[in-house]
Amino acid sequence: MNTNRDSTPLRKQCGAEFIATAFLLIAIVGSGIAADRLSGGNQGLALLANAAATSGALFAIILTFAPTSGAHMNPAVTLVAAWSGNFAWKNVFPYALAQVLGAVLGTWIAHGMFDLEILEISSHTRTGAGQWLAEFIATVGLLGVIRGCAAYSVPTAAAAVAAYIGGAYWFTASTSFANPAVTIARSLTDTFSGIRPADVPAFIGAQLMAAAAIGLMLRAKAPKDRP
Amino acid sequence: MNTNRDSTPLRKQCGAEFIATAFLLIAIVGSGIAADRLSGGNQGLALLANAAATSGALFAIILTFAPTSGAHMNPAVTLVAAWSGNFAWKNVFPYALAQVLGAVLGTWIAHGMFDLEILEISSHTRTGAGQWLAEFIATVGLLGVIRGCAAYSVPTAAAAVAAYIGGAYWFTASTSFANPAVTIARSLTDTFSGIRPADVPAFIGAQLMAAAAIGLMLRAKAPKDRP
Amino acid sequence: MNTNRDSTPLRKQCGAEFIATAFLLIAIVGSGIAADRLSGGNQGLALLANAAATSGALFAIILTFAPTSGAHMNPAVTLVAAWSGNFAWKNVFPYALAQVLGAVLGTWIAHGMFDLEILEISSHTRTGAGQWLAEFIATVGLLGVIRGCAAYSVPTAAAAVAAYIGGAYWFTASTSFANPAVTIARSLTDTFSGIRPADVPAFIGAQLMAAAAIGLMLRAKAPKDRP
Amino acid sequence: MNTNRDSTPLRKQCGAEFIATAFLLIAIVGSGIAADRLSGGNQGLALLANAAATSGALFAIILTFAPTSGAHMNPAVTLVAAWSGNFAWKNVFPYALAQVLGAVLGTWIAHGMFDLEILEISSHTRTGAGQWLAEFIATVGLLGVIRGCAAYSVPTAAAAVAAYIGGAYWFTASTSFANPAVTIARSLTDTFSGIRPADVPAFIGAQLMAAAAIGLMLRAKAPKDRP
């Protein structure tokens, strides 16, 4: 996941992050809309469909874009990659920008497919200490899985991340956003997967605290592991 | 997926495409009928079963037929393979014909299993700009995943395609037909997965536009990537 | 799946088939009972759980027992293996006997776990031309997937079979027994997954016709493929 | 799964077991709470989500921690590893302690995320001969799958264990605890996945009997297999 081919030009890498993150949001927001419409009011059934669709799409998207850009699709992932010395710091902002812009575009495409207004603002309240703890745990887990699976093949790592996120939709109280770009984009949809703009900063704060925790841990370990 | 063994005779390849696509439609149409009957009117539950069954069958079918014919089962896939130079143009029509005939046969076998009239015409309306956009996005995504996963092993590519389609049933507004042969065959079933004949041309048009977009992109990249 | 290690004594192979098939029936019958009890009368939800549990267990059981006995767990699979020259004819009956006895034991263990009478006879009607066609198609598909995936690694073949069966629970009108040993054992449970003894012969007949069709096809191809 | 790298210090291995088991319980208890809240009283739907989330998380956790500690997360697994000569007896207690403490912490984190009292005692009755038989069968199956898949790669073994547990939630009458550390921790949550403290000893007894059965079997086979 932290692959960073120096031979691929940054422009092409950022293009891959842009398209990959757009597809990720099409999957998250789109399946949320369909699940909510079709599930007859049963939120459990809707979340089951939303989680399965996100997990399946994530597996395919990671495999497709990993060779080009590492398929981060997540500023927290990019930050930890830089912190642990596997990614150039100067490329963090371009990556994060491509991820956020792609995420917003993907949300809008989902709206277009489902005949909704393109521009929306979410009214879905997601706040409180439990949810913030959930975002911290969800992000620590995601970053830990990515780090722990870096030694396996790309398909294995992709399967691990997809399985983890599919599970984390259920086992965290926040349905596991675990991604600042995704969080920003989901504030722009007033559907199943939305989050009120007012609740975004705390979510991103928890996610970045998790990134810092994992990043510091990796930096502390680095001197011992790689002399 | 784009494997095209020159050593396998075309007759045998087309036979594989015929049987593979027949089984694919048995899976799509058959599981749609069963899901609709058993789900007590909950369309979300029915789509969950339909998506899971299609995804599982697709994985097994691709693995089974990939060594013989590449397991395209989809004229859009065959077209892009030809466009990108991985498939002989003269074999496109035989492949597409085998796919369409197999798809129709599969639909009829599903009807036979579930004690329905063999010959039906769908009355299921699927139309509108949102659905056409959805078919374009769904097909771009499918073709992109196939192209992006061509460098992995066949099992990994098969898993990626199956996971993508399982997800796309949910995250596109059209439940992701993404396949002209499948679209034609599904006009011949008046069940859960059907589509009115009148709505078929626009779906296929969107799918072929997606194939052209990906095909042109691959052709544009080709000179740079393979000198 | 057709692995037949000559170095493993037949007694040990049959023991593996016995235990493997017992666990398979624990999975099929047990998950059927639990699904039926917990699903509040929604047969679609029950079948979704039944299919997912069977598929997951099947994947694990095949991997566990494939190195010892090939993990056939199915007289139709054993017959086709013998027909195509990959299995000694004299071992077919011992294998089939171990499979049937294991299947019956597994059904009884499932009854014990769920506090049911150990000895039951099913009253679940499963009959008619549609269901017989379904069993023929389901078994042809299963045997075709096993044959088509024999060239891949054992984990890939196991995943393909598990995915196929998980799908076939839905896309066939009979929920895909596709296995004479399983069919016999399921006549001994009056629960979700049962089948009336009177309906067993036609199911097994359809399954054996499928085995004969695949077996003859493989035999016809053999001279060309392996000189 | 039984990997035990002598080069990794015991302190670090126990830390991995602690964190891994904590995450496992976050997944089990957390997804149980969410599933119960969202499923509108349908216990089948809740168990489907609980099983899928546990299975997905388990796959990712095993992959992440297997290189460090073998990712046992289960005193029964550790015991069998020692019994079969693949694990030092003196490390069994430290491993088991880390597993139990991690499991308890994970349960409490789940409570924190879902705004429940951190300290709870379960009132969920799980008792009777059927359930004890179920725990014995579930644990025999788990240990057998781990042993049977030891010859495959870590990703394959992890997938087999995750698929088995996802299935066993359904096909055993006890929803397959199969783990003394998990059983103890689940007595400390009065939610969907809880178990009354009074019912814990019999569950653990059944699990340890299964471990003894598998351990004795492996010991009996050992002289023949490895001279």
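Just so it is clear, A, B, C and D label the chains in written order, and each chain counts residues from 1 on its own.
Keep in mind that, in the parts below, a residue touches a chain if its C-beta (ideal position, glycine included) is under 8 Å from a C-beta of that chain, and two chains touch if they have at least 3 such contacts.
Keep in mind that what you see is a predicted model, and the values were worked out from it rather than measured.
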Message: Touching both chain A and chain B, which chains are there?
response: none
- prompt: How would you label the chain C and chain D contact, same or different, if same means the shared numbers make up over half of all numbers there?
  reply: different
Query: Could you state the distance in Å from the CA-based centre of chain B to that of chain D?
result: 40
Field: Whole-Å gap separating chain B and chain C, where each centre is the average of the chain's CA atoms
entry: 28
Field: Set of chain D residues in contact with two or more other chains
entry: 42, 45, 48, 52, 55, 159
Task: Could you classify the connectivity of these chains, where an edge means two chains touch, as line, ring, star, complete or other?
output: ring
- line: Seen from chain C, its contact residues with chain B in the complex are 41-45, 47-48, 51-52, 55, 128-131, 133-134, 137, 141, 144-145, 147-149, 151-153, 156, 159-161, 163-164, 166-174
Statement: The chain D residues in contact with chain A across the complex are 23, 26-31, 34-35, 38-40, 42, 45-46, 48-50, 52-57, 59-61, 63-65, 67, 109-110, 112-115, 154-155, 159, 162
